[in-house]
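As written, the chains take the letters A, B, C and D, and residue 1 is the first residue of each chain.
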Amino acid sequence: MLPDKTTSMEEAVARIGNGATIMLGGFGVPGTPFSLIRELTRQGQTDLIIVKNDANETGMGVDHLLANGQVRKLITTHIGLNRRAIDMLNAAEIEVEFCAQGILAERIRAGGAGLKGFLTDIGIDTELATGKQVVEIDGTPALVETALRADVAFVHADRADSFGNLCYAATARNFNPLMAMAADLVIAEAETVLPPGGIAADAVHTPGPFVDHVVMLGEIGEEYQVVRR
Amino acid sequence: MLARAAREIGPGLVVNLGIGLPTKVVDHLDDSIPVCLHTENGLTGIGASLPFEQADRNLIDAGGAYVSTIPGSAFCDSATSFALVRGGRLDLTMLGAFEVAENGDLANWKIPGKFSPGAGGGIELAQKARRVVVISTHVDRAGNPKLLNACSLPLTAKSCVARVYTDMAVVDVTPEGFALREIAEGVPLSDVVAATGARLNLPAGEIPVF
Amino acid sequence: MLARAAREIGPGLVVNLGIGLPTKVVDHLDDSIPVCLHTENGLTGIGASLPFEQADRNLIDAGGAYVSTIPGSAFCDSATSFALVRGGRLDLTMLGAFEVAENGDLANWKIPGKFSPGAGGGIELAQKARRVVVISTHVDRAGNPKLLNACSLPLTAKSCVARVYTDMAVVDVTPEGFALREIAEGVPLSDVVAATGARLNLPAGEIPVF
Amino acid sequence: MLPDKTTSMEEAVARIGNGATIMLGGFGVPGTPFSLIRELTRQGQTDLIIVKNDANETGMGVDHLLANGQVRKLITTHIGLNRRAIDMLNAAEIEVEFCAQGILAERIRAGGAGLKGFLTDIGIDTELATGKQVVEIDGTPALVETALRADVAFVHADRADSFGNLCYAATARNFNPLMAMAADLVIAEAETVLPPGGIAADAVHTPGPFVDHVVMLGEIGEEYQVVRR
């Protein structure tokens, strides 16, 4: 018999303190844990370091945390769709650390895999290399990229079972399974929560042992829907 | 330009079409040629773009457009998606550009003080795709050349561009610098030369028109 | 010894039982306690062992035994399986031992000149599980102590062992060295002391029997 | 329309030359590409460097290549179940490089991910650290583990489609998806080959672009079956 990890959203998010580093899944809308972010906005933890591919768009997801003054630093790949994030960066109201997208993914995976970092030639002749340690491998230089872990990860799953096995839908997968490995406290919101065995063992994207809390979503809100531009 | 660029895409290739103009190349693909389109947010085998009414809220490309799957599509996480890029399995990428240098240097992600939203996935596409081509207007909005002796903006990757498709010409990056290969219908050669901010090597004989 | 060791496994833990004696602990688990057994070849949620006639040819544990799944089992690749170990999600591992030192050093993979088949997954289990306990006979086949001042064999990992379950005793590794916690029924204390190759700190008062 | 990669076994294996480095999936019996190994034995390429978790048991899989004198070096984690491999190592008839199991998995993954290597503390105080470069990360030492790539990977899939999307069965997954990313020529043998669309896009374990050839297996031979010890 496997442990049951279903938890209320309020209780799961209440475990987070001020100053926490929090990873947020999602690439644009798909896979963004909007409901967990809403609850974090409601509870109001401050001085947060947020790790997310992007800053969503104004009025959505990460933007609520920015608008609410809860964010100290953003580690990200691209914030071009969020004017507020750019303005806050320019006004030095938040610190922003930019990574190449695959490097951010890989740094998170390295954290999840219990590695200290990895060696790559990505960005080696560009300003992205500034300040990074260089190591010689077989006579050629490689940059040291450090592993990234967080206190907390919020992930959005299409389906979960009560033990925390997760499946993601389509391109809502993106950073979610990586972040689900890389935090001390992993909270998954799921559109459907099934009993153990509800997800075939071959079909699981994130194995349950990586997950601490499973939160069942009710009706899916407007933020999750198709954006009509 | 887009139709001409689409002819790059031969059978069997794995191709990533960057955000902006390159994405539009898909409308000019010959459906009978077997290719695999990749988008770095985690999909191999991109199908047709969908209007909002038909869109799946969980299925977008890296530019945020709603797309569909085809038989044989696969989803993967972001680490695996970039493993494909860095690991040598991406045959071709088509990218936009602010500047291209005659040695193939590419700048397309940052204009200091003006535009610094972050590099997204462009660095790895430019540095690691087996072939990088640029699709871009020949000059910027102010009329300044984008093909230059050297880039002035922060680089995306060094010496990565093999070819540039513009509204005026097809230009290869060669060890001797830019080489004009084809010229757009109705564009005088003198205009192309004037709009290019570096030496443009001309072919012997007549210049093919596209 | 196995039944006593099984009491280590509390509710909610993720546990890896090493090859040999530790694997047999599974027969002594209380089915009402929710735990997740992990095997490093890529399964979380190990079910009952199966006889050959009922075995699935694709479903083994890291020791090669045919096992089954339970509701909620998941398969993963070897990199993900060890990510779980190194990333801090493995609460407990039980391992065999050639030697354990009083500072918690463990040697269990190599006897130079005699037995060098490779370390398999043992290094990472020993170094990274949140708690490492050893299940072993108190002495080796030649009657020599396995609990020593210092290991003579190549180490699997340094200062990793928290507790040792043997056929004679339960011994903790403490900052002051080995500490006797419990003694097997019918075994005289003098035998345990004699069979231990390092100082064995004794508890104040009566020694619990298991 | 996606490319069709179905190929005959003979033709696919014939692309391999002497001296090749070849990764072989499998952990014990499950996931070992026995049929591809048989064909490699039949074709007789020599001076091979073989990367595999284990050396199978005597009379099975890798053992055929050893018995046939085709192997120069083995990169592995454990060869304890193959007496011939141990004897050949002791007689210096083959070279053996031992890795910790998760480190071998991770080195292969790093190769597949186009990284140069990674940094870890695994084995740092043991003889496994001998000869390895040490780098300081945040003031603590880490070993450099180099990425591993191969000329060829043989993987065994339960199901494939003609484009090369692969699914593995149960614990036959193990090293297969990692190796399928880490070689210049990836040949997958599959128990079932389906038309494109035969595997749901969410259920694919190895995306088709990583795979060069798909070989359909006929009847599954004795080597794949349950071992009665």
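FYI, contacts are C-beta pairs under 8 Å (C-beta built on N, C-alpha and C of every residue); 3 or more make two chains touch, one makes a residue touch a chain.
If you're wondering where the values come from, they're calculated on a predicted model, not measured in any experiment.
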Length of the line joining the C-alpha centres of chain A and chain D, rounded to whole Å
32
Distance between the CA centroids of chain B and chain C (whole Å) is 56
Could you work out how far the Cα centre of chain C sits from that of chain D, in whole Å?
29
For chain B paired with chain D, centre-to-centre distance based on mean C-alpha positions, whole Å
35
Hunt down the residues of chain D that sit against at least two other chains at once, touch-wise.
106, 109, 113-115, 120-121, 168-170, 201-202
Listed in rising order, chain C residues that touch 2 or more other chains are 43, 69, 75-76, 79, 82-83, 85-86, 128
Quick check of your reading of the touch definition: is the inter-chain graph here a line, ring, star, complete or other?
other
Please give all chain pairs that are in touch with each other.
A-B, A-C, A-D, B-D, C-D
In their complex, what parts of chain D are in touch with chain C?
27-31, 53, 76-81, 86, 96, 98, 100-103, 105-106, 108-109, 120-123, 125-128, 158, 168-178, 205, 224-228
For a test of understanding, state which residues of chain B touch chain A in their complex under the given definition.
39-43, 52, 55-62, 64, 66, 69, 75-79, 81-83, 85-86, 117-124, 127-128, 154-158
Would you mind writing out the residues of chain C in touch with chain A in their complex?
11-12, 14, 31-36, 38, 43-45, 69-76, 79-80, 82-90, 128
Chain B partner, complex, touching residues on chain D are 1-4, 109, 111-115, 161-163, 165, 181-182, 184, 195-197, 199, 201-202, 204, 207-210
Mind pulling up the chain A residues that touch chain D in the complex?
106, 110, 113-121, 133, 135, 137-138, 140, 142, 144, 146, 167-170, 201-203
